[in-house]
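Note that the chains take the letters A, B and C in the order they are written out, and that residue 1 is the start of every chain.
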């Protein structure tokens, strides 16, 4: 265990047969399941011509595609570029950050289409999918990308695929409980995506605790360029978050409102992040870790309430608070979690997703509880909370209670699920790297050997400094 | 003043209390003002269900959100990624370029929602906001990002926030005079955004003139990778400029036309930029500075006229000319402005925004003056220039005159406002860096100390070359 | 020929007069031709107010702008950022990759608007353009970007402009034969864009064969950061490919379906790419070349069939196969093509575009031949294949035959056109670099001289290693 810098000696990280096997078998399974279950929904099916007439639609523009596709593409960018590049801050783990995120998300969206489909789009034996399903699949995978942030650099691609398989499944169960059984609103996923995803990931990383991780402390930092790459991720997440929180809201005012609230919350969040980043550092200098992450907390924290009548100033207040909470978390809480609770959280998802997600759930519960017909209008009130059918008589305060219950359920499933999955991932057969090789691309990637890499490895005692 | 490379000795750049104080106080002010004034407009309010019925709208797709939100997101990318990365060309100022742009824009959009709201969306004591307000706020902040380009690397974050506060205010006043009093058309902002923003910034940098700036000449250049990062900014600005110029045009043909004209102008601009970049360099090689900047001048220069019947070939001509003007400006004018007029223009905004902005204003005036009912159609003519109500009898040539007056007003307010703000920023309390520490991230940022930074600092005499 | 590293000695790469001349003359030609021919179509013209009334349209949202503009912007990102950054993997050719791609695409879209316009949008002596024309122009240029991938690093900008001129012309001819004469469906361009573009480029690079290209072998590789930049290109192509394949499909269900099919195919493709990348490497490590390229093959291969009723599981199968074919191609076929057939394919477009393009054409033919009224619905069937007018009696199996004929035609025109253009490009007057200077930015670009470039040139014997 003590021989440094030769991965695959201490632990077998050889992926040649294991990884291809998992990828191919699982993809074949997807094909079979899609073949049996998945079809186009009526708006994507060629029969729509006739459907349109039956439904008396006069224009193709009424197709849900035109209501949601632009938001879908923004969300898609967030999942693949946003999360992928945000995690690129590590100096020697850029390939892994963006590449593994790509792999797990590409698998995850397929499995999510199935899992969420069975729960929500299952009609006469078939899952009928349209653009809203694509968005929901991306959302579901978003929670896996979040959890990936906690274990970044410490797991093999097989472990990530296994985690994705389980987490997507549990996500769908939790989502079903919240949206269908508790009849909770959570369009931007403060509870279902962020709270669930983050506490799931934190539980997994707790169970995968590596006692001597300070051995690779030198590789846990960033370099100048890797911080700039990470800013690509940050900015795309920040810019497109209004699309994220509004993507599956009701057509019309709800989508419109969700985008505005998110825009406001995110703007406020940047200012308090900068304030506290400077304030908490002795020399008063800004820390890129905070700018890259805490500026996004405002988007997380209005995930539940953005489509409600939170109002622009309410959004500013939420963003204001979350920028502070998140930045303080990076400075004080992350080291504490690591040293005391043995939670090694590579990207600090506790500060960016867990705490703001909880706040988001609470803000959502309060906003729902405070709703009145006066503020929403008679019809708007019913539409906003879908107080129809079985839920016709539900009052705002009861809705607020159910919203709060949703937080608790998400937490419980995250902890239980994370513990289960963590235990599975601890099995010594998945090819994770030795502790001294964590945060190092060349364990799983062909890394180019060239002039520049001399610079990267100039302290590497095994190699001559320069030819 | 002469001790090099130890920032904070010659000048106090310690931000620890000043920057947090400004950020927190101002953000609290935003919350209070939003609380008093800002509400959702009818299309984002939950009452829209009822409104829709009153207005006899049959579909949610009539909500302005679906007309403008995709363009809004493109504009949002331009402001935060486009400008942020375009300014990343400096070898040691990437954090500052993207980070300070992020900070000032996040504050600026909030203040712009208020300022523009009071002028344009104020109804019975409230500012009612919708997606068009978000676009306008981004536009307004765009003018601050432009001005930031002139002073990039030479100011503290506090100075930038102060400039943002004043410039947004003045922008809103100038915009009100142009759009409401002069009844001028300027959808893509050749005058209100580019001419105003650039001359404002140039005036500020003139007043902040640093006589010995050649001390940091070695840091004013780019490195290979920083030029590639800057190309991200360039390309996103170039790609999304059609959205920028069409984002707030009238629904329908005007938005459509504005996008096409801008697309054409930008395409032509690239070819003349390449031609003159090669022609003006002794060895005939291309200069990344030109490719990064002058290729965008075509978008600036159709900002006023894009929504008019400029026609595709008219757009090509404008782009053709502006690629030349801008590239020639970089080669001859920028050095002249610096040495003779003491205008130190870090990003060359005079070439990218000021001159093309003026051309854009003039092209707009001519295009408006040349408008006929024959070309626009009877109704199209009235709609395009909004010749209704008080302006029912205005003729195209009169409109052309008012357009020209709009240029003059924008210039006057830019010069006067820039002088005022420059004078305020010269006060010695804002924590700007000493001249020898300009264009250097580690004055205000925690910069990672690692192998790669050895490369960056290899000429630094204070440090050992390598452990 | 043997003196290394002093470009312009062995060959005259001096661009100062030649490149500006070509750019300026051609742009002037564009202006003249646009002036004579190009006008706005009815939806972008100010007369639309009246047109709307005549057509009984009740809302501006019926303007094609709102159906296609978001997709257009996604496609635009793919052409300029996607292709530009994907080709940035070479360690010393980043400026050339992104810059020349920018140049040729900016020229190409103008010429494509004309060429495609004469064939498809020519009415009473004028080419009438709208947003669909912009998308088609981008598509056409996409085929040039593909061909550029084969000759990347080995040609001068003048050669690229000449290739663009001819290739766009031939593209338009081929497209006309396929879409109008053969009445073939190819919305995402498996045949017209990928098959044609790739075999055209491969023929050109065959004719431009450089026998001693291994002299610059050291520059044909990537460095750590260049691989990360390339991933920006990969991800944007991957994310926006659903927009690419659906951008010009019929309004409504066809666009919707095309996006879903592409999403599915791309997802499957990632898993088989990862599987085979690991499997085919002795140490089982992943190769960034595969991740950057083969993950996209699934998008290429549903280019023809995405808008048909391919179904999600059909898409998964196509993606599954193409990830394998493409990765295997990179490992075995590219070296074979180079050593045996003297086809030097810098980016491996044979694996990413040629083979998947062929597969896409075949899948399209099969899917068309298998179409039934049962699957599409009576009206959907007619609409999907446009079986109206002259084609009223065409059966699916006949359509399948014509689709297959479309592949053959595309191949023939690609080979013949590529041979012609290759012969023209071999003329010794276009300023291409000597073989030992291939893949080197400083032949045509001002490259910053600074600390970092010391790193890049540390093996350069002409320079002192470091001050």
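Methods note: contacts are C-beta pairs under 8 Å (C-beta built on N, C-alpha and C of every residue); 3 or more make two chains touch, one makes a residue touch a chain.
All figures in this text were calculated on a predicted structure; none of them were measured in a lab.
Chemist: Which chains contact both chain B and chain C?
Modeler: Neighbours common to chain B and chain C are A.
Chemist: Same or different interface residues for chain A and chain B, judged by whether over half of the residue numbers are used by both?
Modeler: Mostly different residues.
Chemist: If you average the Cα atoms of chain A and of chain B to get two centres, how far apart are those centres in Å?
Modeler: 32
Chemist: Give me the residues of chain B that touch two or more other chains.
Modeler: Residues 61, 66, 70, 225, 232, 455-456 of chain B touch two or more partner chains.
Chemist: What part of chain A is in contact with chain B in the complex they form?
Modeler: It comes out as residues 61-62, 66-67, 70-71, 74, 91, 218, 221-225, 227-228, 231-232, 235-236, 238-240, 242-243, 251-257, 259-260, 263-264, 266-272, 274-276, 278-279, 281-288, 291, 295, 309, 311-313, 316-317, 320, 375-381, 383-384, 455-459.
Chemist: Under the definition above, what is the set of chain B residues touching chain A in their complex?
Modeler: Chain B reaches chain A through residues 14-17, 19-21, 23-24, 26-28, 30-31, 34-35, 38-40, 43-50, 52, 59-61, 63-66, 69-70, 73, 76-77, 80-81, 84-85, 88, 94-95, 98-99, 102-103, 106-107, 109-110, 113, 129-131, 134, 157, 225, 229, 232, 442, 444-448, 450-456, 466-467.
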